[in-house]
C-alpha cells in the first residue's frame, strides 16, 4: 500500500450530495458533530479510507484488531443526499493532507458532489455558554448565501489559518470544480478531549444550511459514549508521534517496533 | 530501486498456505520462534524481500556483503502448506510498514493464502517461568475458533497497540480478503536481545493452532547460535538510526557516508 | 494530489517568451520585483501551481479561503513575450524544489521558452543607498552578452550557493535545453520583510536586459501595499515550520490539526 | 524532476565493461582515486546523473552555476572497457541510496556490465605510511580470485558495515545479476578533506585487479588541485545538512530560501 486507498462498500446513486466532514481536531468538534449525525440518522457505511500516512500501528479495540481509518457514510435526504466523512485520525505527514484530500474529492465527485463542508474547532481560551460559529468559504457567493444564518463570516479576528485536512479539503475543492465551506465552532482549548457544546453550536447552524433536522438532545450523552474511544485513540497517536520525533535512546526504539 | 521488491526464487504450487511471520521486535520473540521453525523443518527458501526503506548500509558478515532483507520460506505440511517470513529488520519509516505489508500480502495471495499469523512480543517488566501468550485477530470468528487453545484473547489489559509490520500486516490482511491473527509472547522487556522462553511459549500455542509438530528441545541452543548475528544486526541498526536522527556535527556526518 | 500540478487558465501562443521568476526569499527581493512588473504591466494570469509540498494549511484572506500557490502571468512585448512566476511560498521540502522546478520548466517549454531568469536577494549585513546586483548563469555566453549591463558577474566574493527554487530552476534549465540567469539584489539581511531598494536595483538591470520599460516610481508605494499580505504569509509559514520541526508536547500537537 | 535521472551524452558500444565507483566519503578516498584515473586516462564523459535527493542548492563555481551531480566516464582498455563514476556528492536521504544505486546499475547493465567495484575509506585513527586495503565482495568466488593481490579480505576486524551508495551499490549489484567488490583504503579519520595516501594504496591494488596501468606519481599533485573544490563542496553540504536538521529560528530559515 503505497498510497491512500478508498475501499468501496456500496455503490449507490446519490442525488446532488453534499460532503460533510468531521475529522479529529481541536476539541474534536468536527468528529463529534458529524459522528452524532451519522449515528442519529442511521446513515449507511459507504466506504473506508486507509492511508500509509496514518500511524504505523493497529489498535486493539474490544480485543480485535482495529486499523486506523476514515469512514464515509451516506444518508438520503428529502431534497438532496448527504455523504459524511468521519474518522479515527488525520495524517501526521504534511504532504499527505493533500494526497488524502485529493482522494476524498475524486471519490465524492463520482457521486456528483459539488459542495464540501468541513467542521472544525477554533480556540479562544475562554469558556462560554453559547459558543460562536465562524465560517469561511472558497467563494463570496457562499458567504452571501448563508450570511443570515447566524454564522460569523468574519473569522479573521479569531483565526488566520485552517490547518490539516479540514483546510486542505476546502482549498482543493475549488480545483475539483466544487464549492467549499468551513464551519468552526468556538472551543476553550483547555485540555479537554471532546467539546459537545461547540459541536452542538455548529450542528445548529449546519442543519439550517443543509436542511437536516436531527434532534440534538442526545448529543451530550452520545459524546460521553464516544469519549473513551476517542481519548484512547488520541493518547496512542500522541505517543506514536512523540516516538517518531524523539531522539533514539540506545537499545530502546528498535525494540519498540513489533 | 524506488519501492520494495520481492525476488522470487521458486514458484511452487502451495496447498491452502498460511503465512507465519516473525520479524525483529521486542525480545525478538517472533524472529526467534519462526526462525527456529524454518530451521527445524528444513523449509525451502521461496523469495527475498528488499526495500529502499531498510537502512542504507550493507553489513559485512563472514567477510562477505550482506544486504538487509526479509526472507520467505515454504514447507509442505500434511493437510496444508506453510509460508514463513523472517528477516534482518523492519523498516524505520512509518509509511513503509504499509508498503512492505502490502507487497507481502499481494505476494502470498498469489499462492492462495487466506490466513496470516504474525508473532511478536509484549513487555510486562517481570520475569516469569511460564510466559503467557496473548492473541488478537481481525475477526471474532478466529477468536472463537482458537479460544480453547490456551491463548489469552483478552489482550487489552497488557497491550493496546501492535506497532510496525506485525500489526499493519494483520490490519491490512482484511483488505486483501484474508483473516489475520497476532500472537504475542510475554517477555520481560529487560535489555535482552532474544527471549527463547517467550518464543517457546508462543510456538507451543502456534503449533496447536496450525497443526505443526516441531520438537522445541533444541530451541535454546539454536537461539544461542542466532544470538550473535541478531545482536550485531541490532547494534548496527541502532547506530544507523541514531545517526539519522541526530543533529549533524560539523565535518562528521558527511564523512560517515561511504 | 500526490504531486505538483499546474492548472492552466489560458492557452495563448507566445513569441519566444522568457520566464522571469520572483518567489519569496531574502528581503523578498524577487517576489516584490516581479510582483511589481506583473501589476504595472497588467499581465494576464496564465496558470496556477499547487503542490502537496507547500504547507498543509489554508490561509484565511479577506475572509475567504486562500490556498498557498504560485502563479504564472504573461505579457506580450514588442519583440518577445514574457512569462512571470510569482507566489506565496516556496516548498519546505528539499527534494520538492526539484519536482516543482521540473514542472515549471516543462510547462514553459510548451510555449517555446528558452530562457529563464530568477531573481533573489543576497545579504551583506550593511545598508547601502545603491544596492549592487550580482549575476550568475548557466553559460559563459550569457555572461558575455550582459557583462556591460552593470551586473556584477563575479558573485563569488559574496555568495557561493543559490538555495531553493531560484537556484534549482536555473540549474535544471540546462537539462531542459534552456539558458538560465540568476540576478541577486543586495539586501542588508536585517529583519525586514521586503526590501524595495534591492528590488528596484534588480529591476533596473533586468529591464535593460530583457527590453522592458516599466516606470519604477510607484515601486515603494506598491511594496507597502503588498507588505501586510507578505508579512502575514511569512509569519504563518514560520509557525508551521516550527510546528513541523518541534518536538511534540503532550496533548498539544494533535489538537493543532484541524 | 521526481526521481533520479541519467542524461546520456554518448552511446558507445563497450566491451565487457567494469564499473568503478568513487564517490565522496571518508577521506574522499574513492572520489580522489577514481577522479585521478579519469583524469590520467583522459576518459570520456558518458553521462550525468542528477537527483532530487541531492541538496537543494546550486553552487557558484568559477562564477557559473554548478548543479550537484555524479558523472559517468568511459575508457577503452585493451582487453575490456571501463566505466567510471565520480561525483560531487552522495544523497542525504537514506532511501535514495537505493534509488540512485538502482538507476546506476540499470544504466551500466545496458552496456553489458557484469562487475561493479566501489572504492571507499575506512578509519583507523592512526596515521600509517603504508595504508592497508580491505576488500569485501558479494561472492566467495571473487574473494578467491583476488586473495593473492595483497587485498585483505578479512575486513571484519576493522569494519562491520559499508554505509551509503558505496555499500548499497554492491549489495544491489547481485540483484542485477552482477558481481560486486568493495575496496576500502585505510585512512586516519583525522579531519582531513582528502587522503592521497589511502587513494594511492587502493589504486595500486585496483590496477592489478582490473588490468590498468596508470602512473601514480602525479596523484598527490592532482589531489592538491582537486582539494579546494572538494573542500568547498563539503562545507556547503555540511551547512545545508545542518540547516535541514536544525530547529527553525524565528524569521530566519524561511528567509534563507532563495
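Note that the chains are named A, B, C and D in the order they appear, and that numbering of residues resets to 1 at the start of each chain.
Here is the rule we go by: a residue touches a chain if its C-beta (ideal position, glycine included) is under 8 Å from a C-beta of that chain, and two chains touch if they have at least 3 such contacts.
Source: prediction; values computed, not measured.
Student: For the homomeric pair chain C and chain D, should the interface be classed as same or different, according to whether the shared residue numbers exceed half of all numbers used?
Tutor: Shared-number fraction below one half, so different.
Student: Which chain's C-alpha centroid is most distant from that of chain B?
Tutor: C
Student: Enter the angle, 0 to 180° in steps of 5, of the rotation superposing CA atoms of chain A on those of chain B.
Tutor: C-alpha superposition angle, chain A on chain B: 90 degrees.
Student: I'd like the Å distance between the centres of chain C and chain D, where a centre is the mean of that chain's Cα atoms.
Tutor: Centre separation, chain C to chain D: 35 Å.
Student: So how far apart, in whole Å, are chain A and chain D when each is placed at the average of its C-alpha atoms?
Tutor: Computed from C-alpha means, the inter-chain centre distance equals 50 Å.
Student: By residue number and range, which residues of chain A touch two or more other chains?
Tutor: Counting only residues that touch two or more other chains, chain A contributes none.
Student: What are all the chain pairs that meet the touch criterion?
Tutor: Applying the touch criterion to every chain pair yields A-B, A-C, B-D, C-D.
Student: Using the touch definition up top, name the residues of chain B that touch chain A in the complex.
Tutor: 3, 23-27, 30, 90, 94-99, 101-102, 120-121, 136-140, 143, 153-156, 159-168, 170-172, 174-175, 180, 182, 189, 191, 234, 237-238, 241-242, 245-246
Student: So in the complex, the part of chain D that touches chain C is made up of which residues?
Tutor: Counting only chain D, the residues touching chain C are 1-2, 5, 7, 50-53, 55-60, 63-67, 92-93, 232, 236, 240, 244, 247-248, 250-251, 253-258.
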